[in-house]
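We just call them A, B, C and D in the order they show up, numbering each chain from 1.
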């Protein structure tokens, strides 16, 4: 297991590359989902307020 | 009359069509990503020259390929915005630009990390890395223009024009950077094409790329769907959808 | 074939806000429309959509049964005088108007000098637009109505910053235009006299 | 469509109007020129006064200065026409927008490209460039500056009327100017070593032809989009 983790001595480079790439991708996923929910809440509030005006 | 029908139905249809597609895509994506990671980190033999550091290729090359692929996808939607005035394309273009920028950034960072063990420097003015850097600025340009224009539709159309100018520019930048690179450093095989890539090394690379493509489709579907709801906020189908379901997320 | 302007449930969005919602209108020769509405009610947006400058988000506009947003359609049938007057500040009135007249693809009518004469701006011909007063600039821009021969007139607030006498000139211009079978849509806060009956369209 | 005489005369009239307009507001004329000279002068302070050192960088320095100076002049190509509504009047006059795009690019080249090329002569000599590579520099600058004007006009039309349009134009346009900079600077530095850089000059000419055919369309649809 230790050999696997050390990546033939290049552990820092290999693991940091993977961490950064997948990290950015996960961050984008989280941001997109949160953005979706924000839009949904905004739409819900907007329709609710329109309902009230009618 | 066709245009009117085509416009109205396409956004609504696309919304409900993609709803069924997403779970399937996520399942395939997860399976592929696990398989590719296993292939990349464990089953692929270490490179006789670079040792295990070559495993960075499995994140760097798919990201680089995806950064180009996403820009091509943006070019396609740019054409359909300007020529066929497709509303869905306007939304798609603004939705996928950040995804492309993310892939370009990942390709740049992993490229320079990979360079450190090989050339001893964090940044190497290698032709492919430099073209990738210029591509990042093309993405940032499109995103900056989209942000600068308030009206969503004019913004999408202006960004489409900029994107098409960018499409024409990518091969020119690539070739001129290649020319400039060979001029100053002599014709060396680019550091990233390891001459003969062993079949066991190649399979994870391809599956990882397909996994990245699925990731791109899933994220852009999420972004497009939420943009559709905002875009058609006045229409009845959106109002019914919002009020009817207690759904927390899209 | 008499000219006709047809607006079919037009709605236009500007910076993500619905400005015009489902407006329909049909005009034939000799129709004069007085477009009224508070600020921001979409008068200018409506005129710009009719002039083919803005793409409607829903609905269509037909001039003589041809959709004006098809790319083959050229705007040579209309005279649109907007509140941004279209005159370069650095150039003189004469330079601006003769420039617009020479490059224009529209049917020509009076010469620049004659148009300025009617607008009694003859003496200000060689003044740079920058130093003209608002009323003079407005009249210089309205001179385009005389220079070109267009069936459709779209006027955005033609009367503001005009004195009573100039308003009279403009009103008579509109009357002549209506009498020889033109169509005109005038967006204005003030009332204006006109020989033909005014169809009032109120924008909310 | 462009070939019939009426269009050529319209093109000439459009260019004459733009040049006359900017000539009246002569402050705008000075900005690219002063910017070009100032940036070039900065280099000796930053690097070193010896002509030997400056000579080796001269081609690159002048090209960077020229490129930045032209980018600066892109902002007010459309700005005053857009705010005064003159651009709208031109669009509504029915003149083909391809002509307007081309005319604006030519006017920009005449007002900022030409003066920069003329000024490059004394500046290049002061940086120690010999006459042969000076001629190559001027040729490459002529081809390159025309392409920069064409692409810059499209980008300028895209961002007219936006907040901080000046900066936005430079940020958007620079990636497209990189190939021109590469071939221009390389042509000059090669010529200093005695080589005749045909390849680079052919590329610059090729880029110019590509720009002339494509960018007017981009400028035309940019104008229509921004007015909408």
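One rule holds for everything that comes next: a residue touches a chain if its C-beta (ideal position, glycine included) is under 8 Å from a C-beta of that chain, and two chains touch if they have at least 3 such contacts.
The shown structure was predicted, so the numbers you read here are calculated from the model rather than taken from an experiment.
Novice: Between chain pairs C-D and A-B, which one is joined by a greater number of C-beta pairs in contact?
Specialist: A-B
Novice: Name the chain whose C-alpha centroid is most distant from the C-alpha centroid of chain B.
Specialist: C
Novice: Nearest whole angstrom, what separates the Cα centre of chain C from the Cα centre of chain D?
Specialist: Here the centre of chain D sits 37 Å away from the centre of chain C.
Novice: Quick check: how many Å separate the C-alpha centres of chain A and chain B?
Specialist: Computed value for the inter-centroid distance: 16 Å.
Novice: Just give me the whole-number Å value for how far the CA centre of chain A lies from that of chain C.
Specialist: Each chain reduced to its C-alpha mean, chain A and chain C end up 51 Å apart.
Novice: Just curious, how far off is chain D from chain A if you go by their C-alpha centres, in Å?
Specialist: The answer is 42 Å.
Novice: Two-or-more-chain contact residues of chain C, please, as numbers and ranges.
Specialist: Where chain C meets two or more other chains at a single residue, that happens at 55.
Novice: Do you know which chain D residues sit against two or more other chains?
Specialist: Answer for chain D, listing residues that touch two or more other chains: 228.
Novice: Which residues of chain B touch chain C in the complex?
Specialist: Per the touch definition, chain B meets chain C at residues 4, 7, 85, 150-153, 234.
Novice: Give the list of chain B residues in touch with chain A in this complex.
Specialist: It is residues 41-42, 46, 51-53, 55-56, 59-60, 63, 98-99, 102, 105-106, 109-110, 113-114, 116-117, 215, 219, 222-223, 225-226, 229-230, 233, 238-239, 242-243, 247-250 of chain B that touch chain A.
Novice: Would you tell me which residues of chain D are touching chain B in their complex?
Specialist: Residue positions touching the partner: 151, 154-155, 158-159, 162-163, 168, 171-172, 174-176, 178-179, 182-183, 186, 203, 207, 210, 214-215, 218, 221-222, 225-226, 228.
Novice: Could you please specify the touching residues of chain B with respect to chain D in the complex?
Specialist: 82, 134, 137-138, 140-141, 144-145, 148-149, 154, 157-158, 161-162, 164-166, 168-169, 172-173, 175-177, 179-180, 183
Novice: Inside the complex, what are the residues of chain D that reach chain C?
Specialist: 10, 13-14, 17, 20-22, 24-25, 80-81, 83-86, 88-95, 227-228
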